[in-house]
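Encoded as structure tokens, here's the structure I'll be asking about.
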Amino acid sequence: MTINVTVWGENVHERQEEDVRRRYPEGLHGAIAAGLRERLGGNVTVRTATMDEPSHGLTEKVLAETDVMTWWGHAAHEDVSDDVVARVHERVLGGMGLLVLHSGHYSKVFRSLMGTTCTLTWRDAGERELVWTIDPAHPIAAGVPNPLVIEQHETYGEPFGIPTPDELVFISSFTGGEVFRAGCCYRRGKGRVFYFSPGDQKYPIFHHEGVQRVLANAVLWAAPPGGAGEPLRNVHTPITW
Amino acid sequence: MTINVTVWGENVHERQEEDVRRRYPEGLHGAIAAGLRERLGGNVTVRTATMDEPSHGLTEKVLAETDVMTWWGHAAHEDVSDDVVARVHERVLGGMGLLVLHSGHYSKVFRSLMGTTCTLTWRDAGERELVWTIDPAHPIAAGVPNPLVIEQHETYGEPFGIPTPDELVFISSFTGGEVFRAGCCYRRGKGRVFYFSPGDQKYPIFHHEGVQRVLANAVLWAAPPGGAGEPLRNVHTPITW
Amino acid sequence: MTINVTVWGENVHERQEEDVRRRYPEGLHGAIAAGLRERLGGNVTVRTATMDEPSHGLTEKVLAETDVMTWWGHAAHEDVSDDVVARVHERVLGGMGLLVLHSGHYSKVFRSLMGTTCTLTWRDAGERELVWTIDPAHPIAAGVPNPLVIEQHETYGEPFGIPTPDELVFISSFTGGEVFRAGCCYRRGKGRVFYFSPGDQKYPIFHHEGVQRVLANAVLWAAPPGGAGEPLRNVHTPITW
Amino acid sequence: MTINVTVWGENVHERQEEDVRRRYPEGLHGAIAAGLRERLGGNVTVRTATMDEPSHGLTEKVLAETDVMTWWGHAAHEDVSDDVVARVHERVLGGMGLLVLHSGHYSKVFRSLMGTTCTLTWRDAGERELVWTIDPAHPIAAGVPNPLVIEQHETYGEPFGIPTPDELVFISSFTGGEVFRAGCCYRRGKGRVFYFSPGDQKYPIFHHEGVQRVLANAVLWAAPPGGAGEPLRNVHTPITW
């Protein structure tokens, strides 16, 4: 069965910053989508959506056709419509997979799914990040080098204000010595959520083969068998048996 | 150290329904508060707050003086101010303990802490509920009869739309055969949350010695050592070490 | 890829008790194997092994060819060779899936994988068991009626002396009111372990369509992608990167 | 209530290696015991026991008087009597707290409690270890500097062959870039187990104030309220209610 993936991009840095545009001529979303197409080929149909489109490109129709969504945002979290956030949240609870990338930790949708601050500590010195596999049997780690070496990246540090992950797959370290839970799995309602911390706009992370492998594995892991169900709204169910 | 407890009550059924008033002349919140005072004596200072008070009785001052809050609501979840919900939510993340009781599973504050629908299945036939201890070493189960027998109660059934509890303490069964995860512990931010399902307004649950024992234990479990800290708002922290 | 399943049976009750033989003319292992073949068809190759065979039918060769093993034992746990137990344990840690059934909770291999007593409470009054799905999105629950009704069975009760399951899929109730965590998932090393409580020899549980569905789903869930790896013995690994 | 602590030491390196003896004239066990006495004062009664004593110093009487045990071993894991291991294991399941230190990850008792290989990767280059607090609200992290800086230590690396911790408190990084889950909590039976990785005999780790603070906190966390119960042997319990 083909997995329908919608790659959502905030698409602000790419439009405003020359160096980001040079790094990601098709936008970060474009690079993420290209990586998934290259790694997963005919197993996926990948479309992109961005904040500047009507409904941020996330209409009911688009969501109804989406099995797995990826979310990258940073500069404009607060500009994302609460209605769209609710729509995405309900879809995740209904079974749609969600990959939250890097600064997306602070997006409305991730925070509303986690119920916590989702804050972290950070600094940017372009240091080397090593992404270590904690759970070698986890499908998201399949074929990922251990450690996955990212020559230069922004530093994220603990404490990371999240609930205890249902499955912890990766932990990163940085040249300065910080550590970070870089790959975290959650089951929420009928949906699966995977947070992955590499992916700052100032670095060519999404062109990195190992990162692309992680995201491809995560799409396969998060895809609901038989497709996503109806959105789960907060409706009680009388006992029927 | 004395634990400061604020027992929050929706206080709607008590004002509108004669039979509930007869069962709980001081309101459900009054009965919950009395039970805690009786079981915990000088270890706690218990106050009550209700929805009909200004700010629902939950001003910044009250919250700043609260170590553990209990929450009972049912008829008017949607009438609770979003500002107050945010205030309570932030306090929990900052370390305030929260006990969510029965139909409070569907309160804004519990749903926003869990990130899921928090829906369940239910029917009311006044059947016997047996609350079984799953984790005999858990402090919340100390001195609680196994099973804890509630002669008549509303029936709650699975699936219960919550994240996997960090600790599962009790599972209930009902005469009709339903089961329900009746006692669930969560760690969120610096705070501890305990959900306990017994407590319908149509039954004298909060006069039940065993139920009072559970709530007293849960207050001790949820109380932050050294008192609750500042509310945790969504603020990033630069790495300082 | 075909999944190679080895159904292990103690095969004592069947040889000694006329009524069990009548219920399970091919042994419990025979009925379990037949159910898997019927539900999974060409996706599996199923063989059986029993305690009375050399090495209990679990030679290194058999284990090397097994992706998922099912384990049913009751009367003779202590007669199972420690060497064979160690061999199975190491294979699970290396990636082989393991389904532990009913009284197998008390087998040496399950106890050594859990590290706890694995004790429970029980009585046998031939009461109705209702197996409720707690996690409707879990692949092991796919297509399983909720509740799954078993007209007559032995009663198992909490507390069940196990570590907190990584995923809790089913909870049962019984006519007498007891509850039991009937379907528990664990990740241990590279392997997946699923415990399922229905399956007493005195009742035709393994002929039950719903039970067969659960076991078939569990085989698919526990099967290691790409087949099981080498057994994981306790050997340190020098850092090589 | 005074907490009775038994500090168990293998006491091999101290007797055989001059530099270890110089670092730990009273043995590693002596230093661990001294640190607990200094940090916890009258709240604890601390005794030591070593492998060279009869029953390794862990008679039924000693165990019956122990609320929390700490375990350090490295050179002679296989020489520890299986009977003593079983005795300690049963006591933990009965409620005795257990702190497993550094190379104790590979002790028989820790491996039998975990059910996994408990292997890790390692190298020794005397590098700086930074122990980061992941869960700032956890009682074991109270008053512990973040990061806790250990100037020189052996390097431990992932993957660490353990079940997912019930609570993950600390993650370490090393100068070379490795990461390790340095502080892991488990609930097993009625007992609490805490694994802490700092503590190699070649470095003065147990004289480190921050490390002593962690161990003191862990003793308070692991101590069973009201004292440890009877050892939990594998005995079934008929349903009695």
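Just so it is clear, A, B, C and D label the chains in written order, and each chain counts residues from 1 on its own.
Assume a residue touches a chain if its C-beta (ideal position, glycine included) is under 8 Å from a C-beta of that chain, and two chains touch if they have at least 3 such contacts.
Molecules present, by chain and UniProt name: A, B, C, D = ThuA domain-containing protein.
It should be emphasised that the depicted structure is a prediction, and the values quoted were computed from it without experimental measurement.
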Open item on the list: Following contacts chain by chain, what is the lowest number of steps it takes to reach chain D starting at chain B?
Closed with: 1
Task: Angle, in degrees to the nearest 5, of the Cα rotation that carries chain C onto chain D - done: 180
TODO: Determine which of the two chain pairs, A-D or A-C, is joined by the larger number of C-beta pairs in contact.
DONE: A-D
Open item on the list: Counting residue numbers used by both copies over all numbers at the interface, does the chain A-chain B contact come out same (over half shared) or different (under half)?
Closed with: same
Open item on the list: Averaging over Cα atoms per chain, report the distance between chain A and chain B in Å.
Closed with: 33
Task: Inter-centroid spacing, chain C versus chain A (mean Cα positions, whole Å) - done: 36
Open item on the list: Where in chain C do residues touch at least two different other chains?
Closed with: 135-136, 147, 157, 164, 166-167, 178, 187, 189
Open item on the list: What's the contact topology between the chains, one of line, ring, star, complete, other?
Closed with: complete
Task: Interfacial residue positions of chain B with respect to chain A in the complex - done: 89, 93, 106, 111-123, 155, 157, 161, 163-164, 166, 178, 186-189, 232-240
Task: Interfacial residue positions of chain C with respect to chain B in the complex - done: 128, 130, 132-136, 147, 157-160, 164, 167-168, 171-173, 175, 177-179, 181
Open item on the list: Going by the contact rule set out above, which residues of chain C touch chain A in the complex?
Closed with: 95, 135-137, 139, 142, 146-147, 166-167, 187, 189-191, 224-225, 241
